[in-house]
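Here subunit A shows up in two complexes: once beside subunit B, once beside subunit C.
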Partner chain A sequence: MSEALESWFKGFLEQVRIRKRQYLLGALEIVLSALTGFLVAALILYFIGYDPWYIFEIMLTYGFSDLGYLGTRAAPLIMTGLAFSIPLLAGVFNIGGESQLYMGALLGLYVAYVTHNVWLGLIAGFIAGALWGGLIAALRVYRGINEVITAIMLNWTAYYTIIYIILVYLPNPKQSHLSIQLPVSEMISYGETFTLAVVGALIAYFILYYTDIGYKIRVSGANPRSAVYAGFNPKTAIMASMLLGGGLAGYGGTLIIAGVTGSIDTTMSTLFGLGFTGIGVGLLGRNHPIGIIFSGLFFAGLIIGGQWVELLTGAPPYVTDTITGIIVIALSMPYAYRLLMNYVGRLGKK
Partner chain B sequence: MIGDILNLLSNTFFSMTPLLLAATGEIIAEKSGVVNIGLEGIFLLSAFTSATTTWMTGDPLLGMTIGLIVGLASGLLHGVISVYLRGDQIIAGVGFNSFAYGFSVLMMIYLWGSYSNSPTVPKLGNIILRFGGESNLTIPPTMVLSLIIAVVAWWFLEKTPWGLKLKACGEDPRAAESMGVNVFRTRLYATIIGAGLAGIGGAFMSVGWLGSFSRTISAGRGFIALADVAFANWNPLLAILGAFIFGFADGSSTYLPIMLQKMTGRQFTAESYLFLTIPYLTTLVVVVLIMKRVKMPRALGKPYIKE
Partner chain C sequence: MTSNEYAVEMRGIVKVYPDGVVALKGVDFLVKRGEIHGLLGENGAGKTTLMRILYGEIKPTRGEIRVFGKKVSFRGPWDAIREGIGMVYQHFTLVPAFTVKENLYLSLLSVNPKARLSDAISKADKIAEETGLRIPYDEIVEELPIGVQQRVEIIKALLRDARILILDEPTSVLTPIEVRDLFKALRKLRDMGITIIFITHKLKEVKEITDRVTVLRKGKLVGTVETSKVDVKTLARMMVQREVVFKIEKKPAKPGEVVLEARDIHVIDEEGVERVKGISFQLRKGEILGVAGVQGNGQRELAEALAGIRRVSKGRIILRGKDVTGYNAYQRYMKGLAYVPDSRGTGLIPDMNLVENTALTNLYRILGWARRIKWDRAVEITSRVIRELEVVAPSLYAPIKHLSGGNQQKVMVGREIVREPDVFIVAEPTQGLDVAATEFIRKTLLRLRDNGKAILLISTDLDEVLQLSDRLAVIYEGRFLAMGRPEEFTIEKLGLIMGGIRE
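Now for the complex of A and B:
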């Protein structure tokens, strides 16, 4: 066992040695993007009369102080991050993680409520998300429709339809702004919620890097033509990646229900935006399941921190959305970092 | 009945205007090879800045001008990222949408202390055709402008040498370069102009149509405009038809429940949410029905790398 570990570690070091420059660039990208996000947010905060340092101090200390809560809030973000990144590896832009998460939350809640079994709920959530994501993939593969358009249309359709379903079919008799509520005794703990998210990410890691279909997903995204030459159909990879990604988003939706809220509110405020933040999570995690666990924690900290900022200073929590947006824009241009590194490298040689 | 049809048609004229402006702009940008899915974000930012300007100065026309400038500036940012920094155009657009949402809502709360919408601001005037009684047809002048812009864009793209050069950048940038076209600069300008048109559309939403800014003001319309581009097969004249169809669906999602309530005497509550899905489902179905036949610019979304 220890020998196997040792050889794995040696292999890892070898990888680092060979790809030093690549890893360095990756690290530079991550750090600079996050810094750019904070810098722009600081300018905006300063402009509207807040002390950016004070706000960031609150965000970064309060946001990351309660680790149990941090892990729980990160759970759905890790899932929507994977929902974006896995299809991206296959060359598809899944910006429908938002509604795949909604569908999972709705069906997961219903099944868990009816069967009194959270585990069945999680399975139902996965299936609901997978089908909703599979719809986008099917339209792309069989009708050639751009997945970005389909995803947004499905997001809004799901948003309004779910509000309707909750109001009409699943209302809470005691609180009119909520859906039916899972009893606290049937819900799972914060620790379990995060653990289940990590398990999901590890399964995704295993599928992507140690199975046939995972290999196909990665190859058809990197080079669709060579996938065809290698004798497999990129369409299968697209379908598989969207089923898996959508399923994980749906699973993440059920995780919120089972671990945090126990119900859905009629304005969907606890679910809204998680799918879109997931795009930032996936990209900052460099589309790697293990990286996504950490970037999920990072973004969850920002979100919790943003809420503390609002509580303590009255500054709106939307600072977090703004930072996320800037980070994603900054992550869209790896070439810019290569230019920067070359430039710095030349300076060093002079 | 005639009154209802005229009202529905008036609603359509309002909702089709931002769609047509943004779709025409996107066609220009995409024909040059740059895809900008940040239309939603441009709508939000322009709607916000034009509402703010109008709120401060009381002049909706100035508000619209500022909305246009914000659109142009967004296009400059996206153009530089896509053309010179070889960024991933889809990801840059997604990030821009997220930023625009966060920023405009943040500023809305800062300026007006409201989490849902701005105070009402003065609006641009409309052309009202009277048909006797209560039957009026309301036509916003910006809608007429959007029609003119679509026709001019078509003429520019299809009938002028500049249009040919622009399209060459989107079809085969290497060939365009050897023809003496500056691919980088053409793509940058096309992106800026395209985003500027979306900026007018966003500004129209707040100062021409709704009279205030709200956080859900665009509600996916930027993406409906993208669907219109595909529907139109990258032809601005067909985009007019698409904008009318999608605008009609949008208009009916708010007008249909009002009409049905009047006719049946029933009060809708939760059902109104179902009506709100009409524009998205219509867009989806229409795109599913026509999509097989479209042909997009060949170099669309791919950064051009000079040797």
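Now for the complex of A and C:
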């Protein structure tokens, strides 16, 4: 085992040596993007009458001060980031992370509640998300339906269905705006929540880079013609990437239930938007599971910081959302642009 | 010097591509008004480059172009269109999801932004009347047969008042009946005074339809002749004549047992066109079977069908005594077949490193418990590829796109060799390589043959197949028109068969 580790480390160093220039350029790109993002955000803040320094100070200090809370908020974002990135590596655009997370939260909550076992809940959450993601993939693979359209429709289908189920079948007798509630004694800690998210990302990393199917997923996305040449079934890669991505989103949904809320509220306010934010997390993490752990943390920090800004300055949520949005767009743009050009170029070649 | 006799005068055209390839070495090309002028040559002769220059798509490095006596320098196709030049590509430029009339309207708009849909239709009606090229206006383009799409494409060019029409291998996608109709229409167009340039490699068609023909070979002009004054043999000789090929040291072949057999295989492509129309052969251990032919005669489809990438619509494929017709590529690779595709864009993943690229066809050899990839095993295999094929690379972990074309090709060939399969299907193995890399790859193929491997070598490079093959087949329109020992073919005979004429 230690030998394998050693050879891995040697390979890693070699990789760094050979791609030094590429990594340096990458780092420079991130720094420049961040500067641009903060600059644009500062200008906007200045013109609408806020002190940019003060706002940024709150965002960054309060956002990243409570590490336990930060990790917990990051956990679902890491999972939805992976839900976006893994299919993208196979060349599929999964914007259904949102509803895959909902489905995982719902089934995870139900199973954990009934069995009094959070771990079974997490497994159920994974399966629910995987099936919901797999549905999108199956429609794409066997019926040729564009995955983006399916995902958008399924997002809303899941949203309203879950609200209905909570209101009708799983209501909380004590608090009318909540679903059934996991007892606090059965929930997991903040530290455990984050750790479980990191474990999920590491498993994704292992699958993508150290297994047969992961390799097939990456080849299918990087050069579909090569995948066909090698005799890989493109359908398998798409299905596998969506099952894994959807499953991780569902697992992330259960993590919120098991680690933070213990229930789902009838307006879905604790879940809404996490899947969409995952798109930014995935892009910022450069589609790499390890990068996504860090970008998830960064995002969570911005979101928490934004809430403190609202609290301390009385700024409306639009202001902080705008700031977060600008920074995220600036940071993801160069990479997203390259992906898009790649995609468009491929269309032209067909 | 300028006279009104010529529709197109291209003089001293030289084209050097940015990568240093010299595609045209000073070509004169003169087309008279109102004639059908054939442009004949093998792959890489420079036909398409010359026509893309005339159509303004690329700029000549040197040389002068006159259209109807007027000196021109096109910045793009739009300039050429304005001078009355129209081009019909082999792959059409219609919008597949639009109806015919929408496509026609779109093309008219590009020259006349104020045009109305009714203008397009009335004009098209008139053209259809005069030429006999009937088209349905309300059908969606992608639902139409290829022959009809081509008619739409021609009318589209005429709609923009083209007086010179360039047709790039127009018959390659057509059925015999459609070809007859096309020729009828082309003659009518000629009678209307439209000048037609007809790019082809089919000798019979040159004889049938053209008034004069220009032959190119390796970027040089061989000559322009009046079609009625030459026979097909002369044309064939003009097309393929070459200096005595440089010989490679070669031991006599010792063919062994049959390891790959194709029994009457047929392949239909994505567009529904039958590309392979009944090919049968036996390939033995220790021999190289060469497949010569002009590009686009079903070579790729044949190779992909043998490799398991494409389904055959009919026929059987036997690999080492086992019927593998139902196997996919991965399964056939495991059974001892290797395929080196004709394009590095297919065989390699540019952004992945050497190890990951080597893993592509070696995947079954590096899987461990629970389908885990043993990367250290992949690294070993890659090191062997690098050592045995003398690949020059900065590191095993360098993205393959950072390697030169020759080294990329060596990786693509080498990763198959180290698997030690019995049967190699190799397509265009030296395409785009320099002399040293070409020699190296060819010698490697001979060494494999001497070691008892069976090799099917598909190449449009005549020198290559003549040098390496122990037996030679000539493919034309999806069929083997001839098969024999390379010595049995004279250059002239090869040229004739490649042009579709079997004596």
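Rule of thumb we're sticking to: the second predicted complex is superposed on the first by the 306 of 350 C-alpha atoms of A that agree within 3 Å, B and C clash if a C-alpha of one lies under 4 Å from a C-alpha of the other, contacts with A are read in each partner's own complex, and residues count from 1 in each chain.
Basically, a contact is a pair of C-beta atoms (placed from the backbone, for glycine too) under 8 Å apart; a residue touches a chain by one contact, two chains touch by 3 or more.
Predicted model, so just to flag it, every value in this text is computed and none were measured.
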Check whether A:Leu182 is in contact with subunit B, with subunit C, with both or with neither, and answer first, second, both or neither.
neither
Looking at the overlay, does A:Tyr335 come into contact with subunit B only (first), subunit C only (second), both, or neither?
first
In the overlay, answer first, second, both or neither for which of subunit B and subunit C A:Leu167 touches.
first
For A:Leu107, decide between first (touching subunit B), second (touching subunit C), both and neither.
neither
Which superposed partner A:Ile213 touches (first subunit B, second subunit C, both, neither):
second
On subunit A, which partner touches more residues: subunit B or subunit C?
B
Per the contact definition in the header, classify A:Asp321: touching subunit B only (first), subunit C only (second), both, or neither.
first
From the superposed pair, tell me which subunit A residues show up as contacts to subunit B and also as contacts to subunit C.
none
For subunit A, which residues are in contact with subunit C within the complex?
4, 7-8, 11, 14-15, 17-19, 210-215, 218-219, 222-223, 225-226, 228-233
Name, in rising order, each residue of subunit A that touches subunit B in their complex.
44, 48, 93, 95, 139, 143-146, 148-150, 152-157, 160-161, 163-164, 167-168, 276-277, 279-280, 283, 316, 318-333, 335-336, 339
Help me check something: in the complex, which residues belonging to subunit B touch subunit A?
37, 81, 85-92, 94-103, 105-107, 109-110, 115, 219-220, 223-224, 226-227, 230, 269-271, 273-274, 276-277, 280-281, 283-284, 287-288, 291-292, 294, 303
Quick check on the complex: what are the subunit C residues that touch subunit A?
307-309, 328-333, 339, 341, 345-352, 356, 359-361, 363, 367, 370-373, 375-376, 379, 394-398
